[in-house]
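Below you'll find a set of structures to go through.
Both of the next two complexes hold chain A, though its partner changes from chain B to chain C.
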Partner chain A sequence: MELKDFIANFAEQFDETDVNEFKPETVFHDLEEYSSLVALSIIAMINEEYDVTLKGDDMSAAVTIEDLFNIVKSKM
Partner chain B sequence: MGMSYNPFSLEGKTILVTGASSGIGRGAAIECAKMGAKVIITARNEDRLKETLSQLEGEGHVMRVCDLTDNEAIKEMVNSLPELQGVVNNAGFTTIQPIPFINEEEFLKIMQVNTMAPVLTLKYLMKKKKLKSGASVVFTSSLAGIGTMSVGNTMYGCSKGAISAFIKGAAKELAAKNIRVNAVCPGLVDSQILASGTITDDQLKKTLELYPLGRSGKPEDVAWAMVYLLSDASSWITGVNLPVDGGRELY
Partner chain C sequence: MKCLIDNIDIKCIATCLPEGILEMSSLKERFGEKAVEDTVKGSGIERLHVAADHETTADLCERAANNLFEATGFDRNEIDGVVFVSQTMDYFNPATSCVLQGKLELPEECVCFDIAYGCSGYIYGMFQAAVLISSGACKNVLVLAGDTNSKMVDKNKHSSLMVFGDAGSATLVTKGENKMGFHICSDGYNYQTVLNDRMGFRKFPENTRPDYQPDPAMSGDDVFSFIVNVGPKTIKTVIELMGWDKDDVDFYGLHQATKITVDFMRKKLKLAHPERAPFDIQNYGNTGPTTVPMVLTDWPHREEGVDTSTWHKVVMAAYGVGLSWGSVACDLSKTLILKPINQ
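This part shows the complex of A and B:
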């Protein structure tokens, strides 16, 4: 699993946010477009792409996109 | 009229409860037994089913392991039953998948367990004449089945919407035999929150702001509504989708 691909998959769950906003260090909870539906979509994307089932708490625990990447990696 | 007057009693009734290994189903089995019924509990997980059985007050309760993804197993389970005065068609589950992620296999499984299995259970009960005049059938639908949805839960909504429509037709069809068919439509119940884990404490707090009575439901809250619909106290009520939701539907 590549961080670059993970970020691309992550960014796909957003419609309005500029693609350049998505970096490893992006604090995604602060993105204006982030919502409970986007969070559910990210969880579903991770399940579909990486076969990893995240809990809502995992989403809260991750501050940056890279944090989330590392959580997913640790569960693979 | 003394202590013995209780139109809400389930004494003398034998009641089948599906999905009795946890949550609302377990709560329903426990409360039905407390209200005097003999309860037949069924679910897929034998260990958890035994745990429910051990919590039932009184004598004569039994359990039947049955996998509701297997239509032949449902038929055999129903064939093994005695005559019933009540049924709680409760088993069900959800998987949260926003629309772009709807998985066909998962969707079929949800429809099988939440819709096909309870419908077939009633079909075989009728075919084998296990329900007689005065019997009451209660389905577990959901607020999601009557249009109050949370995001990501559309597959579940489909499966429960089908149940809320089915009970209308079944109530009409079986009224001639004096068999009643109703549904309860629970809002957020503790068991589901714990089971899903997809909801964070923050989200839960926000969700509960939509509940005028200020809390999520307990399995007993739903079970007591079921007891009412199973009892002779509701003899003149059929074809109803009863919200049990702390007022959530008011928003």
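This part shows the complex of A and C:
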């Protein structure tokens, strides 16, 4: 499971944000487009691609995209 | 629990929406245009049917049941079981199923149950009816499932107000010729994921319930992740139980929580014919235990060219408060499927 692939899958859940905004250190909750709806599609993507079920607490606990990647990796 | 039950027929399914309508567009002034548009985008719901003040789930189910009796010509004196599934019963006691036995003028020799489940409720109702019949206890069971969630939601919270609508249903289950498959699961450990603790006797000592929300309390993220985890698995289980192939299933009546949920389920199941698992709640919203009978009755009477006599293999799946979830496999090709009242 590669971080750069994870970031690419993550970025695909956003329609309007420039792809260059998505880096390991991006604080994703601060992205203008981030919403509860986007959060759900991220949860769905992670279930679909990595067969991992995240909860609301996991999404809140992750600050950066890399944090989220590590949480997903720990559950695999 | 999973099992096959033989010799059951589902004679008729009827549903009833209340007359009152709430348009999502009318809420823009109150909650802001962006908030409303974002919610509609995720939920797919454009309007809800909302019960009047004096109108309860029991009333909606009663209307559906009377429609069922009229349409089928079935003699109500032959009913010997009533199962009422709802979170919005008329009274703490007596059981609403008992009250409805009286209102529907059903015979005295009739056993009545209330089952307190929400979104997964129809699965429970159908299971209870099938078990009553297959044991020889009953011959003809009326399953009355519905909710008036609009009466429970926090009306200041747009995310709940804009999702939950009201409806009632009546399904006639009898001794017959078909096989049904059932798969039902529970996860009481996570009961707090969807919780309405305002009306029961359990009280939380002060400060032991973090992030208290009235209404029923529900974390959208946790409910969604619960559904994505259990939904596809229960469907696969019941299909395997019946010896079917997922692409031979003629119709999937999925619990319609929101559009994003239904889209996810369809994608995850990798269906060759995704149109057989439609999203259908744009006009009436998440109606709790009624979403499954609503999609079964609304879709054929709304969409062109749907012929329910081809519904030999139907899978219903639902998931919700409990936490609980399950699926049913059955044959609806000979079932009389009535147009919803107030569609």
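The rule we apply is simple: the second predicted complex is superposed on the first by the 76 of 76 C-alpha atoms of A that agree within 3 Å, B and C clash if a C-alpha of one lies under 4 Å from a C-alpha of the other, contacts with A are read in each partner's own complex, and residues count from 1 in each chain.
Assume a contact is a pair of C-beta atoms (placed from the backbone, for glycine too) under 8 Å apart; a residue touches a chain by one contact, two chains touch by 3 or more.
The model shown is predicted, which means the values in this text are computed figures rather than measured ones.
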Query = Given the touch rule stated above, what does A:Leu40 touch, chain B (first), chain C (second), both, or neither?
reply = both
First, second, both or neither for A:Glu48, with chain B first and chain C second = both
Inquiry  = If we overlay the two complexes on their shared chain A, which of chain B and chain C does A:Met59 touch? Say first, second, both or neither.
reply    = both
Key: On chain A, the residue positions that both chain B and chain C contact, one per complex   = 36-37, 40-41, 43-44, 47-48, 55-56, 59
Ask   = Mind pulling up the chain C residues that touch chain A in the complex?
value = 38, 41-42, 159, 219-222, 224-225, 228-229, 260, 264, 267-268
Message = Considering only the defined contacts, which chain B positions touch chain A in the complex?
response = 96-98, 100-101, 103, 151-152, 197-200, 202-203
Message = If we count contacts the way the header does, which residues on chain A are in touch with chain C in the complex?
response = 35-37, 39-41, 43-44, 47-48, 53-56, 59
Task = Name, in rising order, each residue of chain A that touches chain B in their complex.
result = 36-37, 40-41, 43-45, 47-48, 55-57, 59-60
